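Shared between the two complexes below is subunit A, which pairs with subunit B and subunit C, respectively.
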Partner chain A sequence: MSLSYSKSVLPKPYPGEALSSWMFRVRELVPQPALYALSNSTFDDKLTTHGQHERDEKLDALKTPYLPSSSFTHKPCDDLDLCFDGEEIQAFVNAYALSESWLKRAFAASDAPIVPVAYRRGYCYRCMEEAIAATGFPIYLKCWRFLLQPYCIRHSSLLRDGNDFLFERIDFGRKLFQQHWEQHREQLRQERIDEENRYVLSLGLRVQKRLQKLLKECNDSGVRHDMLSFVTTLMRITFLPSLRFCFDDTKDITVQGFDEGRINRFNNIMDFYHTVRRSTSAARGRSFYLVGLMLDWINDTEAERASIAHCNFLPTSPELIWVNLNRSVGASQAKSMLKLFSTKDLSVSMLKGGLEC
Partner chain B sequence: MGIKKRRALQMGRLVLEAESGFQYMTSSYLAIYNQLQSIVQSRIKGAITIITGEPGCGISTLLSHIVKCHSAQVLLLSGNIFVGETNIVDHICEDFHLEGNKKAGAIPAYLPIFASATGRQTLVIDDLDIYIERERDLTEVFKFFQAVGKGVNALSVIFSTRNTRLIRNFHKYRLANWQAYDLVDHLSLSDFNSVASRVWEFCNQRVNMKTPAPSNLEQTAVDCGMRLHLAQTILRICYVENLLRSAGVIVPERDQWTLKDYELELLQICSS
Partner chain C sequence: MLITDHNLRYILPCCFTPKFQVLDIQTGGRKNCFVFFAIDGVTGRILNYALGYDATVTETVDNLNFIKREIWCAPNKRLPPLEIIRLLRSGNLKANKCFMSDCSKNINSKSANEAFLPSSKLIVISRVPRLNLLDLKMLQSFVIHCIYDWPQNVLCRIGKPTVIAADVVNDIVDLAVQRVNAILDRKPTVFGISEPNPSQ
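Right, the complex of A and B next:
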């Protein structure tokens, strides 16, 4: 029996929704096709005990497709937000008779660097609330995966960080929402910290906005790539051990990923590349403030006004950053990279405060 | 009138198989409907409302009417709710597409927040029942009602049940903001006449005829005990009887049958 499933029956993707989130909604609202397809599968006629068991397992998996696999620590997990070739996505496309090209068009992300799926934690609660009012689901947005967007532009606020180890779930948005309220005390604490840091946060947000404006104006994909790499390198610099004191008041700088044990054995260079990808939204927000200082997008007066009580040594001028950086391990490689990725709009010459090249 | 036998049988079947074409609201129905409407519209926190009534008196119709008119503010819990197999909080969470709580009966912090974010803070449960009447399940239900009844969660519940222990316990544990309504579908004579003329009109429309309503329906009124849902069935049966008799079809005596069986028998005659 062939399946014909009209797309009009399925819920429309919410603007900016990640594929995993939409897949979860579809399965919740229209669970039949996948189950139907399996219950009518070819081995249905002659069911051996093993076949029966296998089918029941598959049916269970489709009814509860939200359980993390037990072996994820030993294999890279599928990115259901952005990789469209995964086995599960293909099965979904087949079960609901969707067009692959439409799926790619609807859920593809820009070329901006992304947070690997194993480290995804950020979310904007207010965006989530709006999505609930509109769709009845706490939707997960793909922009929360963008490495260079630790702030929610729509609500001008820093993204919140959820717990580790939820990342693999297809109902990630729902888990984040539930956890937000289960750990409400932590959220209140975070709100208080955000309130105390509001000046630093607003400066960080300004840096993000300015960067996005520059990227938007750039039409050349090569230049755009260099600009993205330049800013990512600057962020990597801010995460060097010699600048860790800038994050004294940040609860977690990095996500306690599943490969934490392995990462600790990495050498400094690997750590230099990797830390930014596993950094929390709070840490990236602070990093943007430091990047703004280095690029002179934030001047000293503004920085002085933004000083934080719980982070006494937070630099308020680029000189204070470079004096710690110039002698640190990894700084020289970073400087060469900055030269490599320099463009008209973002270059080494724009960096203020005593970079020793 | 002289309609053909075959045509009369076809028309009889059409009338008997038709869905009810109109909704007649008794004064009790209207009064309870208005009360429920005010609970939903004013978003009264912690209001727990029980609707009871005899089978067929229109509780499900009343609740679906409320849900239909206030779909943005109300969540109708899917299916019949049997507490015992799953707990009531899990059932509600499931309908909101959320995960249940590990602690039975306790309301997870995210549930009322989610409900208010969706705007659907009134939960409607049609026919709440305890699967196996275990004391533990009853306690769990009332633990939930008490938690909601405190009003801190911004939720309210409207439910109906036929479970006598549930009803008894509701009155036993009743708090100030818990309300009970008994839906009755008894008709006054003028109500009955009005229902009769509307049923007749509906049947006429259904078969495209203009048969006038008989003037002496007193016996019919007695037969249905002046109850709305029985009146609608008996009046329809009367219409079909008249139709068949006028076409010369022999109709069995109604006295020897229960109403349901007689209706089925007539349907069988019309289908033969």
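Right, the complex of A and C next:
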């Protein structure tokens, strides 16, 4: 039995669109093949009762994509944005007779560090508005998953953070957009905070732009990897407990993940590596400001001008950062790594303000 | 002091206990794991590794202390020291300990030549000056960094970071080894101890 649809019917991917977002649009506009593929699964005879139950849930989720798929609740989440080998993506490829190599070409991300799917929250509302105007859908962009891009370059604004419990939705982009409107008062509050922090935010954005420029100019993949590791390590340092006071005015530093709760433990090396992945866009934006100070990309005068009234302790010089860090337990490991990842453009020697190695 | 022989490889056994647990898909249970690395004592390259499961933390830490004091010495053609890795793969730490203690009779031998017999032996690390050119602390820090600094293709397969599927843990360690060896290919002296400044 042949599938009754034409390939030309499938919508073209929006520039920078994440695979999960495009999959959702395709299923919305051309739902039949996916349903056909699942309901005629060749594994029918091998399915256990539990397997059948899971398949039925997936079918329901596809038929009514606005409801959460409860089958994800107790399983490690599938990353439909970046993991192309997953079962669901394979089923999608087969159902719509797509070429896997084309899919990877169209949706693969660069080697930049990412926010794990369980912590994806960030979005730019204005980008979504533009996507709606172009396609009719609030599209989710893959660049919002990049750890070192807490700001939307296109609109020069900090990404907003969505609700903790939306990340596993197959209609993630749409739910983010919907939630943005449902929490109108929260958005007004956020706008007020952004206005108060505008200088700090603009300095953080400047750091992100400068870093991206350096990365773009770098042709050697090894050096590029070292640069990414250097900046990520600096960000990890800014999330050490001894610098938590720098985030006093940030509502949430980390987001709730998969079965983890909101507890910030900071008591072992795992937290040192993992906190940055869990961090909100707002926290990463603040972290970039601190990284800029440490690298001397932001000078003391600019930092003084950017001081925030309700965050009196926000450092305005790198010395104030290092004086706290040098007595911090996790810092020594980080310092070794910073030395190791030093390159011509980003090195330990550029760090200003009293790094004691 | 021992005379070092360039035909011999000096292999540092190094054991590391990650802070995450391994998910047993079949039983749904969680297991502690440890990773055993055989590191070339001169270049810093990781020659081989083995993953062990189900050891208690105390056992693993004891084991770590036990093996850290020694270094494995083997002829070039007989690398890596597969015997010990095979034993660890079986998950039987006690067997490993027995094995180590059997060989450790040479450790305190006063005869320098005895430690350089053609077969693999354990020798005391401080007795081989050539090995002091490697900054082990830095190397170990980097190995640990690579174990926790998960690349994109690993991150997108991890749901809960404290309990990771066995195949993903294998990939994490495998990628970590690749990264360590890759950085040594690019910068062979990156873990070398810098010579003291003559002006000081």
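Everything below uses one rule, namely that the second predicted complex is superposed on the first by the 311 of 357 C-alpha atoms of A that agree within 3 Å, B and C clash if a C-alpha of one lies under 4 Å from a C-alpha of the other, contacts with A are read in each partner's own complex, and residues count from 1 in each chain.
The rule is short, and it goes like this: a residue touches a chain if its C-beta (ideal position, glycine included) is under 8 Å from a C-beta of that chain, and two chains touch if they have at least 3 such contacts.
Here the structure is a predicted model, which means the values were calculated and not measured.
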Which superposed partner A:Glu28 touches (first subunit B, second subunit C, both, neither): first
Touched partner set for A:Glu129, first subunit B, second subunit C, both or neither: first
First, second, both or neither for A:Phe137, with subunit B first and subunit C second: first
First (subunit B), second (subunit C), both or neither touched by A:His180: first
Contacts of A:Asp111 with subunit B and subunit C, given as first, second, both or neither: second
Partner chain in contact with A:Met337 - subunit B first, subunit C second, else both or neither: second
Partner with the higher number of touched subunit A residues, subunit C or subunit B: C
Which superposed partner A:Asp248 touches (first subunit B, second subunit C, both, neither): neither
Subunit C residues touching subunit A - in the complex, by the definition given at the top: 19-20, 137-138, 141-142, 144-145, 148-149, 151-153, 155-162, 165, 182-183, 186, 190
Residues of subunit B that touch subunit A when the two form their complex: 96-99, 108-110, 113-114, 117-119
Complex interface listing, subunit A residues touching subunit C: 75-77, 79, 81-83, 109, 111-114, 116-118, 222, 229, 232, 257-260, 268-270, 272-274, 277, 333, 336-337, 339-340
Subunit A residues touching subunit B - in the complex, by the definition given at the top: 28, 129, 132-133, 136-138, 174, 177-178, 180-182, 184
